[in-house]
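Should a chain be cited, it is by its letter among A, B, C and D, assigned in written order, with residues numbered from 1 in that chain.
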Amino acid sequence: MVDDLRRELCALHAELPRNGLVAWTSGNVSARVPGSDELLVIKPSGIAYDDLRPERMVLCDFDGVPVEDALAPSSDAATHGHIYRELPDVGGIAHTHSPYATAWAIHGEPIPCVMTAMADEFGGEIPVGPFALIGDDAIGRGVVETLAHHRSCAVLMRAHGVFTVGRGPRDAVKAAVMCEDAARVVHAARSLGPLVPLDAESVDALYHRYQNVYGQH
Amino acid sequence: MVDDLRRELCALHAELPRNGLVAWTSGNVSARVPGSDELLVIKPSGIAYDDLRPERMVLCDFDGVPVEDALAPSSDAATHGHIYRELPDVGGIAHTHSPYATAWAIHGEPIPCVMTAMADEFGGEIPVGPFALIGDDAIGRGVVETLAHHRSCAVLMRAHGVFTVGRGPRDAVKAAVMCEDAARVVHAARSLGPLVPLDAESVDALYHRYQNVYGQH
Amino acid sequence: MVDDLRRELCALHAELPRNGLVAWTSGNVSARVPGSDELLVIKPSGIAYDDLRPERMVLCDFDGVPVEDALAPSSDAATHGHIYRELPDVGGIAHTHSPYATAWAIHGEPIPCVMTAMADEFGGEIPVGPFALIGDDAIGRGVVETLAHHRSCAVLMRAHGVFTVGRGPRDAVKAAVMCEDAARVVHAARSLGPLVPLDAESVDALYHRYQNVYGQH
Amino acid sequence: MVDDLRRELCALHAELPRNGLVAWTSGNVSARVPGSDELLVIKPSGIAYDDLRPERMVLCDFDGVPVEDALAPSSDAATHGHIYRELPDVGGIAHTHSPYATAWAIHGEPIPCVMTAMADEFGGEIPVGPFALIGDDAIGRGVVETLAHHRSCAVLMRAHGVFTVGRGPRDAVKAAVMCEDAARVVHAARSLGPLVPLDAESVDALYHRYQNVYGQH
């Protein structure tokens, strides 16, 4: 089962450069080992996307410590672990410094929900979490606290980048792609004139339809 | 004949990511079954572009109901059906949330006809249709009513995205590509200074030449 | 010799989409038949870049009339012919609606020479030519008259797009790539603050060095 | 050993177009011959990236003069040589006119350190060096003097482009990629509102962690 996860994660990492979400080695995706409350699989630190292989993905505990002889995990591993520990429904996490989302994170303002695709995917605005330094659980706490007050599966961490969560890693990567798309489109719209958020009733209707009707069931 | 359409549609869907018109699974193309006033073929819902195959394209009626055992069609299928029902000359439809066109759709202002390529393809400005929720025929009606008052084969649906129509699905996809190109170029021009539309006589001359002389005949 | 030209032109057309200069079928490159004062080779009209083949390139006279059984040439063929007739040193021409250059063409202001790469390639600003309709020699005259007063090998035709000229078609395509690059970079710089052109002496020094020292000799 | 360098440099040059750092033939990477205080390997002048081969890379002295029968080296070779002569710890240099970094270089203002990825890689702002003409050691002196007063491994040369340095050529190319990424993201953030640099203590903490903990050791 962990080998399947490694293969899935390796394939999903290829979506990051393909969708323009990362520069050099700067983003990562992880998956909770299904059912586990202590293990995750994540990208190794500082390895080029072209050089990733399923067997190089790192199995580690929620403190970011590898549980077998392995490459060093992403230096964000403990942040991912904190989120899995606090949010039992989360099975996958993506973290990127994608360009337009990071521009909003620098600006420090939520991306307002001004288009139907945002209502579909995020159920409202994409919120901004606190500025936090890497090294303890400050980033993880900031992500969890911000998610607690929004329907959004994406958080802009101030002056840093994006964290997205999903039932599995594919959902998290999709959310990262849609977050960057929203950030770019709303950036372009904002330079044309003032932004007017969609009314709450429309946002609710769109969100519920998309979460329940869209796709294959 | 329907098998040919499935193959053509599958190939045309590859043009959407290739031309930067879609994020993840968010756009779709359909074709009227030639001569039919009740059947269309369209993308299945929520399937990645890489995973599309001709046989996965969904044959359904104008209410968006599959007429054979099939994947669930795009949740926009009934909207496409409404447009085919109301506009007998339309043989293909494309729908995208392409980034710059969607930015104009959020802003809610038509893209003014300020360059010759827009006069060629759209015969004037690209208009904005109403805000409408998915689920009944509100989007389809908005598209049809907006097209009725313009020469343009593209409509920006407010706070949503773009619908384009054509004699066949290839024309519709071409219009979607040219609409995003116009949206991007005019966005960039607008940040340099005020936009001055081309005079109506020049627009007419360009449109008639392009529709009648351009290409192979 | 004409067969060599067809092969070279076919390969050079692939540079247009690769460098982001064209949408769908909207740009073209031509070459003067070496030494000729009446024949050129150019892209056929309305054919997708993927479908170009050397043998589909069209040999025609300077009025844009094919001299053998062939596809219809680009509807810009007579414009290219006019330029070859008036400017005997020109051996290649490229025409695109590349996005940022077209944004400047809509704005109607020359791209000021504010960076060394522009001094190298264009020897100063990239000028704007008149608005002209396709169909007679108005566009060709506008290009020739504008080039006469500038060192630049590129002209922004107002509200239309770019024409570039070179000793051969490869030079013209290079100029089209560098023109779009300049248009994009200077657009981004302009949104940061006022633009200050390089002093004329520096521009001259850079231009002469680049034209005489750069590359393999 | 020089053959290994040629292979590494050839592969690294492919990263320039792949990461959107260059137009046509306009960027170059060099490596100091390990341990040498007089020899470097660099791209030949004016050759397309597709046509580079390891054996075409040019071995030359720090004045930019080839030490064997070879293609003409990049016209920036003597500038690279000057930097290697003055900075013995530098083993690789990249030079590009990447679009957003060049826009900041035209504007003439440092890119402020407003996001964690800049603190990680550059340890603060990315500074601007003087305007200097190619042909003597003015550019090299400008790069060296600017680097002397900053932790940054990248310099924006005014109205020109970027130089980056590293322990080896791969580090220099990575810095060029991260510099363009920073330039683009901060450009987008600046259009959303005023930029507030990170506090010096956070920048120091991030820089020291990234330089010492990130990656595989």
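One rule holds for everything that comes next: contacts are C-beta pairs under 8 Å (C-beta built on N, C-alpha and C of every residue); 3 or more make two chains touch, one makes a residue touch a chain.
To keep track of the chains, here are their UniProt names: A, B, C, D = L-ribulose-5-phosphate 4-epimerase.
Just so it is clear, the structure is predicted and the values come from calculations on it, not from any experiment.
**Student:** Report the chain whose mean Cα position is at the greatest distance from that of subunit C.
**Tutor:** Max centre-to-centre separation from subunit C belongs to A.
**Student:** Given that subunit B and subunit C are copies of one sequence and touch, is their interface built from the same residue numbers on both sides (over half shared) or different ones?
**Tutor:** Counting shared over all numbers used gives less than one half: different.
**Student:** As a quick test, compute the distance in whole Å between the mean CA positions of subunit A and subunit C.
**Tutor:** Between these chains, centre-to-centre, one finds 44 Å.
**Student:** For subunit A and subunit B, let me know how many angstrom lie between their CA-based centres, rounded off.
**Tutor:** 31
**Student:** Taking each residue of subunit B in turn, which ones touch at least two of the other chains?
**Tutor:** 191
**Student:** Taking touching chains as linked, do they make an open path (line), a single closed cycle (ring), a hub with spokes (star), an all-linked set (complete), or other?
**Tutor:** ring
**Student:** If you go through all the chains, which pairs of them touch?
**Tutor:** A-B, A-D, B-C, C-D
**Student:** Flag every residue of subunit B that touches subunit A in the complex, lowest number first.
**Tutor:** Contact set of subunit B toward subunit A: 23-24, 26, 44-47, 71-72, 75, 97, 99-100, 102-107, 109, 131, 133-135, 159-161, 187, 190-191.
**Student:** In the complex, go through subunit A and note every residue touching subunit B.
**Tutor:** 19, 114-117, 174, 177-178, 180-181, 184-186, 188-189, 191-193, 195, 198, 202, 205-206, 209, 213-217
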